[in-house]
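Have a look at this one.
Labels A, B, C and D are assigned to the chains in the order they are written; within every chain, residues are numbered from 1.
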């Protein structure tokens, strides 16, 4: 029982604050004899790290990961893996304002209400910097899942704009700075986001993450459900406000005839496996995978670090206005894409091991 | 680590199948010296139990709860509370069809894929009958929360129809058989639902659940977040496909200026507490409560137990058509309302104790 | 995180008080398709149940177990198994004295100190009656372990008398009412225990439990150690005050030369496996099984329910004397034997699944 | 569920290998606003660190701890605390022999049997070096417990020699290099241990740890027992083979009259609290603290790193002899003393928070 841990058998605990000396995570329960070196992790961290394009914060962090334990001669040993990422670009900022006033839309006030103390530097523990640890852990989760399971995510909505599902190509997400699976939309959105950025404003987004190759049978009733764990995983990402599986909130508008995914014998699946004629379920029924593509989606709110002054109060309860100068992400949805993939990988790796434990 | 358990310190485990001799739950960690008898629980069970109106399944279950342990002379003792509800109306049905074929939209296939066996009678473990245990556990969670916290839920969308937010009155939800907080909508929807029912069809819904009186400071970073736990709790409810906190998926369409809830000094709150000028956050920032109303929402898909035949396969992989005769819920959203309240109460009670443990 | 649960993947939670309507346990995570009916469990319960000989309490309890969930057509389904044992012989006793005064050596005072309330009838939750649930759970754990692992326990010390290790025969433990593996000692001890019983006194004991057939590799560093879990399991048994693995406390008196179990190539083991020339380690090194016999031992204190008056106080702090009239166990070590076997089986089943989860 | 974690609410996870770049631990759930800096931890680490006297291994490790997170301006923030200790003196050794052969009495073979791989350098994860993390975590646990609870440990048996209980003075343990609470015995034992050391041999020991000031009411039935957790904690320490609470294994030899601790009204305790006339229970009844001194004891086996060659096999199953040259601890019981205190503090801090969570 740990507030900063996730997963049951694939278990990781993250630590560190935005402007402390380092952040990192401890992974326990990792199977032995997986080949692993720092490059296996670094390539995913590089996708998330700031300063990759003008659409993300200009904080300069190499996000160079070090493996401190649990790997010997290029292989996991089955003992805890400690990953550490040193913070580099955290020294310059002046926190005079933030130290005293609560930024609207941030966790400043709630941390203070809970703990009576907060590390206000760069958001401290509530900073999205923590998500680097998730991406690192996700890289190891992918090792466990192996090549037969592929996980892809992309931004499918930015503000009021949604992708054209006919254009969807998950291989496109790394070909544009918005990590958008619709290359046409990517262009349009980029122009708009540039305007938002220049105006010192920000915008929300929806990220979709899909997993192919997950066999039927992962997950469990009734609180160990695969979708309940995905909901928790995605909602735990900074700025997330909604999570959907398959048709998601849209299920409300469907009739029973429309919603239920019909089945036919699978022409090429394992014996007795169905071919589903649709995937409203997002690959999960009764909390257990169906063998179809797993489909999850979540919204992220726009960052509240904007140039427009907003009404707030100081720690001692005086009215003030807060404006966030300096670097920020105009759309945090972009960098949420590799995080979403990581969390999907983590949930799946955990359930793979849970399934193996119980069902052999 | 238990698939059928929920909560950390307020910990309950449910057991039982739809057509077994009984269902129930084991609650552990409950504070001592709470006054508790069966009536305290029964009143909530009566709200969820089937056969209350023509809009819910006609299965006749008294859902009479028995307390088998953990209560002595009308008070909790701090030791495990065992609640048992005997199944009464489970004998009549013929399961010949279901035993062999997978019902589309149900968990029949996935349970078989996972376990290689399933109790097909009435859905077995995947039946919504399990939720009676949640409602029972929720009644005890409310005891822990006390009278200063009130939890109300209602159906706010049925099919394409949404409530008029100007009509919203949470005290109205028990005054209409649809558990709808908009009395005007309730009337219209009832007529439509009757048509759906008579046609042997079904429809989806959205349930909203709100909690008032929750102090600032409950919850925790970064995987023990109050909203992550609510997401898990709501997504674990049968038929749920999406979960939202505050503006939810709508956050994607907002700008930073629109989204961040501004603050002013609270005229009558505790020293240094803010008054928020809006509640897009749904009462949670950084995974920790703000002191505002907690607002969660989730969609439920329409039941797949409908009169129209749907394409499916049998266990041995032969194409077949499946039609569900007999009693069913035309809109499972109705009975999801007391379940939603129970899960909210459970998550809050757990976090109340977690907060007390860490922060005194 | 549950006070009344044990195990990680083989997870069970017990509930119930000595004189409530029933006791039982909820098991979660059990593999599917194990053949299981009530007789599989009952045969172990019959070994533990009271009134089997003049050496155990004369309370009459059939200890008839009912399976309420998780089994379908004679097989486990992978969903929670609820076992219930109704209390039968709990009504006759007068608790006037116990209700007010704390019995020395019992948990009366500590329960009150913790909870401010206690079910004083027959010891309530602190009664050894709870161990029936352990024995029931153990029967299912044995099903998971299969026939290649055999678990045997017996009483190896009673008072100052210890078994003669040259006489040790684990098949003898069920051939004498003392569950002693040394048939010669069993006779002598029986005569002495009869005297103790008639005098209304009681005596302590040591129980040894051995498991054969456990492969090398179960367990894990450094807090998930097989021996740490065994220590917790055995110490959680009522009246236990000490736990030993292998040479146990005797390790203190050994030199490095004497203690370390030397190895030679195994003539008939798997490739590369050693044959150990001794077993001071009790089959566990570094928290992981060696492939040798697992050997655990624990002491149980004599019951404090004796005819001699002992000094105590009442709930309101007045000096009083307490004497326990009526039925009791002159040596609780006897009935601890099947409990010890059950706990060993539970720990091993849990670690078998843990090992499978991580190492495939 | 994590193999390398301990505690429920006071939760820490250790990581690192003997000869990797660093070791450390992640602590989660720590209350906020405890004053904490590295010196608070270092002073305990200095007691455990090697090379303090000729009676401990001559490995030179400064064991300098760094706090990487969770502390801000000298106070804990309630978020995860990461402690890191860099390994310094791990480079010189040649592991040619150990890499191929299993050292008798070590975990070499079992790690290989489990994981199919092992970091053989200095014992890797199974090295007692891990216990530095425990001592560091214990320092924080003591902060939570506050000054009203004092924890002291000492070596009470070395080989066949036991302390004279009449000489026992817990304040003496840091006045002699053997951490022995009997100053007379300390002298005698030191001379003997010097002989053992020079002979390249080793000897076992018993460590006793006592906690004063623990209020009645901490702990819980029936698997969350304070003594069950202490048993797990102590047995998880490297080389531990037995654990005792109060009279421990000696309970077997007592009669009911001798064993049960009688009570009288406490002349100066809280209202209704008893004064116990003895403490056979070691301060715990029914898994819950009585308010008396908590007394735990555990044996540690002699290290198997000795100069005398012992029979063993190589990884490929060939017979060989193994002799451990170089630095080692002639009696690991000495350095186990600060570890025992740390584990006691950790268990108590965890139960303090658990009690507060449930009982307010």
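Just so we're on the same page, a contact is a pair of C-beta atoms (placed from the backbone, for glycine too) under 8 Å apart; a residue touches a chain by one contact, two chains touch by 3 or more.
Bear in mind the structure is a predicted one, so any value in this text is a computation, not a measurement.
Participant: Counting only C-alpha atoms to place each centre, which chain is farthest from chain D?
Facilitator: If we average the C-alpha coordinates per chain, B ends up farthest from chain D.
Participant: Quick check: more C-beta contact pairs at A-B or at B-D?
Facilitator: Pair with more contacting C-beta pairs, A-B versus B-D: A-B.
Participant: Centroid from C-alpha atoms only, then distance chain A to chain B, rounded to Å. What do you get?
Facilitator: Computed value for the inter-centroid distance: 26 Å.
Participant: Need the CA-centroid distance for the pair chain B / chain D, whole Å please.
Facilitator: Measuring from centre to centre gives 46 Å for this pair.
Participant: For chain B, write out the residues touching at least two other chains, lowest number first.
Facilitator: Residues 1-5, 8-9, 14, 29, 32, 78-79, 114-116, 125, 220-221, 354, 359 of chain B touch two or more partner chains.
Participant: Mind pulling up the chain A residues that touch chain B in the complex?
Facilitator: 1-6, 8-9, 14, 102, 104-107, 109-111, 113-116, 125-126, 130, 157-160, 196, 201-206, 215-225, 227-236, 239-266, 271-274, 277, 280-282, 284-291, 299-306, 308, 310-313, 315-319, 333, 354-355, 359
Participant: Over in the complex, which chain B residues touch chain D? Could you list them?
Facilitator: 1, 9, 29-32, 78-79, 220-221, 353-354, 356-360
Participant: Spell out the part of chain A that touches chain D in their complex, as residue ranges.
Facilitator: The contact residues of chain A facing chain D are 1-5, 8-9, 11, 13-17, 20-24, 26, 28-29, 32-33, 66, 68-70, 72, 75, 77-82, 84, 114-119, 124-125.
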